[in-house]
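So that you can tell them apart, the chains are marked A, B, C, D and E in the order they are listed, and the count of residues begins at 1 in each.
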Amino acid sequence: MTSSNFRSWPLFLVLGVISMPLVIMYVYLFVDTVTDTTAGSLIPDRFTLHHWRFLWEEPETGRVSIWTVTLNTFIFAICTTLINVSASVTAGYALSRLNMPFKRFFLGGILTLHAFPTITLIISIFLILQMIGLYNTLIGVILVKTALELPFGIWIMKGFFDNVPWEIEMAGLQDGASRFTVWWKLVLPQVQPGVAALAVFVFLSAWSEFILPQVLAPSGSAQVLSTYLSNLIFDDIKPDFNMFKSVGVFYALPVIVVYLIFNKQLMNIYGGGTKG
Amino acid sequence: KDLTITVWAGGSNDSDVYRLDAIEMAADMLTREYAINGEELNITVEKKRDFADWAAFKQAVTLAAEAGDAPNIVVTSHLDIAPWSQAGLIVPVEDYVDMDAWPLNNIYENLIEITSYNGVVYGLPQDAESRPFFFWKDTMKKLGYSDAEIDALPAKVESGEYTLANVLEDAKKAVDMELVEEGYGFYPRVSNGPDYAQFYQSFGGEMLDKETGKLLLDKQAMTDFYQFFVDAVEAKVTRKNHIGTEWDQWYAEVASGKAAMWHGGTWHYARYTGKEGLDDFFGNIQFTLIPAGNENGRANTITHPLAYLLTAQDNEDDVEIAAQLIKIASEPRINTLHAIKSAHLGIAKEQSNIELYANDRWAAEATERLLGQANAQPNHTGYGQFSQIMFKGLETAWTGTRTPAEAVAEVEAEMKATLGDEVIVR
Amino acid sequence: MRRAHLLGLGFLSPALAIILMLFLIPVLLTVMFSFTNMSTATGISGGAYEINAASLRKLSDAGAQESFVETLGKEAFVVDDAGITAAAAAYGEQFANEVGSQMLGERFDSRRDLERAFRKLKSRPRSTRDIKKAADLFKRSVLNVRFETAGGLLDAVTGNGIEMTPDQQELLTKTIYTGWTWTSDNFALMAQIPYVWRVAGNTLMYVVLTLAASVGLGLFLAITTFYLPSGTATTFRAIWFFPRILPNVIFVLMWKWLAWDTGFLSSLLGNFGVPPRNWMLDTGANAWVFIVLINGIVGASLGMILFGSAIKSIPQSMLHASEVDGASRWQQIRYIILPQLRWPIMFICAYSTLSLLTSFEYILLSTDGGPGGATEVWSLMAFHTALDNYAGNLQYGLGAAMALMLVIVGILASLVYLRIFNFNDLVAKPRIEQ
Amino acid sequence: MRISIENFTKSFGDTTVIEDMSLEIGDGEMLALLGPSGCGKSTTLFAICGIHRMNAGRLLFGDADVTEVSSQKRNVGVVFQNYALYPHMNVYENIAFPLKVRKESRAEVDRKVQEIADLVHIGELLQRRPVQLSGGQQQRVALARALIRKPDILLLDEPLANLDAKLRLEMRSEIRRIQLATGITAVLVTHDQVEAMSMCDRIAIMDKGRIVQLSTPKDMYENPSSAFVAGFLGNPPIAFLEGTVADGGFRLANSRVTLPVPSGIELPGDGAPIRFGVRPEFFQPGNPLKVSGKVSFVEIQGREELYDVTLENGAVLRSIQAQSAGFRLGEDVSWGIAQDKVLAFGPDGNRL
Amino acid sequence: MRISIENFTKSFGDTTVIEDMSLEIGDGEMLALLGPSGCGKSTTLFAICGIHRMNAGRLLFGDADVTEVSSQKRNVGVVFQNYALYPHMNVYENIAFPLKVRKESRAEVDRKVQEIADLVHIGELLQRRPVQLSGGQQQRVALARALIRKPDILLLDEPLANLDAKLRLEMRSEIRRIQLATGITAVLVTHDQVEAMSMCDRIAIMDKGRIVQLSTPKDMYENPSSAFVAGFLGNPPIAFLEGTVADGGFRLANSRVTLPVPSGIELPGDGAPIRFGVRPEFFQPGNPLKVSGKVSFVEIQGREELYDVTLENGAVLRSIQAQSAGFRLGEDVSWGIAQDKVLAFGPDGNRL
């Protein structure tokens, strides 16, 4: 906003006030991970890295190492993002630009699919996964997550493709390129902001996915950070909330970084399927 | 022979590691036994207790079993025996081990009973516990109880002399005298659990009709049970919004004498004396059975043992090995490690003769005072719903959304609808 | 089919395959499940036939004659010649002879008793397992035996000398089947349970309030940050976007930390003499405030980004024009910005209604439907029913039926939204005709 | 390469946009398709390059029937109105793209790009991205890209519409120069008559999907076949006077003034409504056939001045004169029409 | 209302876009800000209407110092290049918006909108949405919206840039008519010289944030103060000849031809490089001071023909002649320069 007609400090003030509770919560969340506090007090007593011990200590009986699950989580989130974005990008293009039968049906269907309460599909999804032999594998969970998020991705990508000038494509054809080359070399680069925005969205969503890996890949080798975190059951004999928070912060850090790096791309999401 | 035995334990925290480690110890033992017989056996035990909660654990087990991928051994509530055996997910343990031989013949019969279904022993109890009633001695003294009277409380409760009516009375006095804050006279468990069935029993409620083997809704007992909590709220000894209080806070409060009376699990002992720093447990706290509610009922407590269950496997030999392992893990010595480390109660009579156990005052006293009187919730496929509906009814009455009578009417309607023939309404 | 059509379908196929396999078929299966009584106890993939105490009870409830039930329910181990011959084959003549000589004709009521008797024999098999197997050779009842097929069961029953009429056979196989069966009871059940209606009301309230909160807050954030210098705006956006990327558990934990009896609010207000309480679960109203706040803020994060980027795409000159036309900031927002956010607002509303209808994670983690079921919503109820049961008997069928109701509402809602979004405009005709 | 469009018909759904159009464009010729917005110019172009299929009719390049040949195989270069440069490629890559998809060798591509870039004078810009170029430079890149694979035919869809006045002027001659230099057959779509007239050998004026006149610029300017065509060509535009035939002359509407009719015009009967068209350069103080009016608008355009003169009956005539004529607004003037240059149109708009 | 800009400086971050500019615009005057892209025209406009703050300097409307007054209170109407109509409002609402935010009464608004809509000839379109309007109509709506609250000052930022040639012509006179009718003080930003010259009382030519000349169109055309200004005005543009002073005359570069210098021009010493500027209308066959060359480009523009003549030394002169002059490409010609119209510029580009 380049106009000089409005002052920004009143807004700054209002926003500051309503953001206060959140900021306090963040600050305490973080402070708690590196300090100890006497019960009932709000002021931490002393600094300690004890709550971060999960990073370097051997995992206890029946637990997996944080580093294994972190790696799994990255694999999970990145693969989900890759597959989802690839499938959205092709399907979105087809629905936006290509001639094909039943196009209306596909588009409407994809929007409607979005209305399904995915969690209650879990039993059925389980059956399918078992049938195709992907139960209890990371790749199975990746595919499921992808399937559930695809309608959103396709919808958004279609919107972005809708905004690419037809002339670019026409020019490509005229230059002798095949439809595929045109898509790959000319159109795709135009929707790059859209692809980036979608990728960030999918990544963030996959990173925090919890129920699917928990239920569909229960064995240790397919655990991810979300399940690791919730599996730190509050020990009712000697609970360590601060460690729980530390794991939470550890878990959130990569996505916070992703957000901070890509927030500009994220701000491009409008222009995808969200445009009227 | 090489094989891998997978063990999953639900609801287990860091002090419960012996649920898993015991199997490993058993594996070592079994390997040696085989070696003596000249057979080579290499068992790798894969242990897992990383589950978000009981629900997650049960989803994981059932789906894994449906996929033919079940862990060989699961450590879970005995309540799972009914549905899981019907579904064919688990196999009777009695098909593989000699129940008459050591150490199984030393396990308390009532516990074996609890891990049986349709007259077949499906699992081996892994631990026992119970959910006693607690008194803060100091408050009781201020209410006028002498040390002797306090010492006699367990007996008076057991005999039905001290009832829930007295509980209300004393709690109210404590609040009125400002010994405790409003809402802290009687400070119950903050979430659903077997504990609440105890109060139903205190008013004469039975969960299972012995004759027909069907679930039983005793409307009178249920109403009285709800009424008790409503009265407690009205008398301001219990908070209306008590359900949902954070456990952490709850532990800190009861362990510091903020509440006059409460009820909880035997394993809370570890928490009070550990994390909460209550050094002199016996000097500060008296524990008893849950008092009777009225003349229809009795003082009681419920034990909710976890059990080792064997899952159905394609390879019966694996099941047999697994069966041997849980048998060995039930050795009093091994089980005592778990009992003491996690403040649970033992499963076998001989444990009283093991020093580690016998020297633990809590284990010894609790076993003696509680375990003999303890019954369990019924193994019945509909019990999960029964319990859930019962608690939902309690919550609506407690929070004042419904009167006890209305709440019971709703409970009746819902039970009839969902359980049909499987419930008898009385 | 034209080549161009093939190209289109080709491009669509990867997505289509994944969706079909892991989304559409599961949806259809769910519809199917909702017409069954499937639960943990019935199993998912199929059942078996087993006569045991529980199934005998069912049998008599179903009206079988007492005598029939009683005969079936007799556990019997009989040391007879057939058994001995079998034992000879499996465990040697010596053992068979010993059994034959000492126990022929004896009858045991349980296998345990027979095992005990065997253990007294000198030539008994030495492994527990073999003794049990040997004992089974003398089993002359079908109690507690699992048969995979009805035929197997009936043969065994007849094999043990129990005669049955065809009616009895049918009744037997029908009642003692452990697997799931088709039924439409789930829907009748939902209508009968009073609780369900309350949950429906809660769900409506949840969707409406949360939607209002998230759209309102999202708009507020998008607009205010728009007017701030970019550095400040980015900071505030980050503060309000984190709720979406923080792990659910942690985000909810933060709120609990705020609202607990011993939490921040209580401690803070304690200084002013307000007694501590659990602000989140104090009353139904409190719980609702927190539910709406927690979900609303998470929803607002998305709204903020979407509205923010939509405002960014309003041509600057239009805003400049309104300023020189004399519009104050409020008038600029009211007359210029908001009207141009019509589409994104509708998109968010459509998208969020559907997501909210089916989302429950934050409620599960914060109030779990409490206090007293005040904040239980439909999807949470479906989750509780299908996947979360204290005693382990998960009601897949009923849960699926509950989910199906959501699916129906969702489809109706999306049809309405498709109308509003002018679906025909979305399916533009390709301008390249090859 | 000669282009023949034979009985071309195109419909979108129910609406027929082009009906039964035939058009022949000679080898090496540059033809303008001129017409108002929506008349079907782009549609015709798209049919020629194969982006649209023809509903009926045939299209021949030289003697080859290409009606069913795909765009990629037609060897037609197109320059689009908004250039349609590939924003993610630099100038070099943009121009090289058509060669790249044909997998020509690196060296070959380099050589050709350099050659064509020099032809269109953008040799120094090869490393820039399209956004870093001015409109005119972008235009040249688009042209280079269209030309690099030596297409048989060059199609230009309003190539200058997005440029500012000065650049437009410059690019006009530039495009023509290049077309002449390469000898390519070209079709220029435009709705700017100056463009059409200054750049092309022939002009086809279209209206509502039909070609209404096809001729050289000069002929079309001087001999428009209808009022529509006459109004379309000429800057400042021709002014029309309404009136009727009276006594073998032209009687201005609402007026007593009668003007003589140029020789060679066949008038309809007395009282029939007709229109006179007078171009501004033929309404000058020096001409003999005077009409009087008041100067109602003056515009100084540098070397020339433009006047509107409102006659008594309210009709307006326009005059363009060299600068320093110096008439003022509101002045009464009596200027003359060049009688033999007057164009007369019948009631249907056709030239008489 | 008189506008005085005094010592205006504007920077964005580190780059100073306008430095110490002063400019006075008389009451009721229409002034053009003309200059190449990026020279600071829009910036100046935005400072006048208050969208940008001035880093230094003062701005006066009449006698009132408005430097620190917000846009909303300045009572300035602005027409933006892309019109900036509010797409979600119909024409009526667009025009009424400035009144609405002042909460004027319904009846009052109705009356004023009708009045202004009639003034700009869009009375019948009030119910349409902007997308349903042609470019010219949108332009008029923008104008009406800017005028409705009777602003003291009207600012137009390239109001015609997005219109096609024909509409541009039409709107030019329309805007001027309305400005004259309302007597409002107006500033027109453009980079099209024809627009500036034909519409405004005075022109300020800007370059790189400075005003290089401020004068009436006619004066500026005839007496440009620098080669930059001369090159900016005139269509077709002026042609320049490079050369040096030799023997009191102008010696063409790389050539032996020496041209006499018009009287009244003070030449630098012999050998100094200078430039001659010759406008196309002053390079005609009939003029006496002949130079010879070859016709290198012909463009027929309807009533006129444009020729480029390349001289022996490679320099190009341009000539515009009435149609039917009929020279052909490649023809050798010897045409004359109107000697007294030649403009001479020194090595720094300033007029001699």
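Annotations
One rule holds in what follows: a contact is a pair of C-beta atoms (placed from the backbone, for glycine too) under 8 Å apart; a residue touches a chain by one contact, two chains touch by 3 or more.
These figures come from a predicted structure and were not determined experimentally.
Looking at the partners of subunit A and subunit C together, the chains they share are B, D, E.
Number of steps on the shortest path from subunit B to subunit C, with steps defined by chain touch: 1. Looking at which two chains touch through the most C-beta pairs, you get A-C. Relative to subunit D, the chain whose mean Cα position lies farthest away is B.
Comparing each chain's Cα centroid with the centroid of every protein Cα atom identifies chain A as the most central. Centre-to-centre separation between subunit D and subunit E, using Cα means, comes to 26 Å. Between the CA-based centres of subunit B and subunit E the separation comes to 91 Å, rounded to the whole angstrom.
Subunit B has its Cα centroid 40 Å from the Cα centroid of subunit A. Centroid to centroid, with C-alpha atoms defining each point, subunit C and subunit E lie 71 Å apart.
Residues of subunit A in contact with two or more other chains: 2-3, 5, 39, 123, 126, 170, 173, 215, 230, 241.
Along subunit E, residues 50-51, 71-72 each make contact with two or more other chains. Subunit B has residues 59, 66, 248, 252 in contact with two or more other chains.
Two chains count as a pair here when they touch; such pairs are A-B, A-C, A-D, A-E, B-C, C-D, C-E, D-E. In the complex of the two chains, the subunit B residues touching subunit C come out as 54-55, 58-59, 62, 66, 76-77, 79-80, 82-84, 86-89, 92, 94-101, 117-120, 181, 192-193, 212-214, 241, 243-246, 248-249, 252, 320, 377, 380-385, 387-388, 392, 395-396, 398-399, 401, 410, 413-414, 417-418, 421. Listed in rising order, the residues of subunit D touching subunit C in the complex are 12, 50-53, 70-71. Across the complex, subunit A is touched by residues 46, 49-51, 71-73, 75-78, 80-82, 84, 86-88, 97-98, 101-102, 145-146, 149 of subunit D.
Here subunit C touches subunit E in the complex through residues 315, 317-318, 320-328, 331, 335-336, 339-340, 342, going by the rule given at the top.
Against subunit D, in their complex, subunit C makes its touches with residues 429, 431-434.
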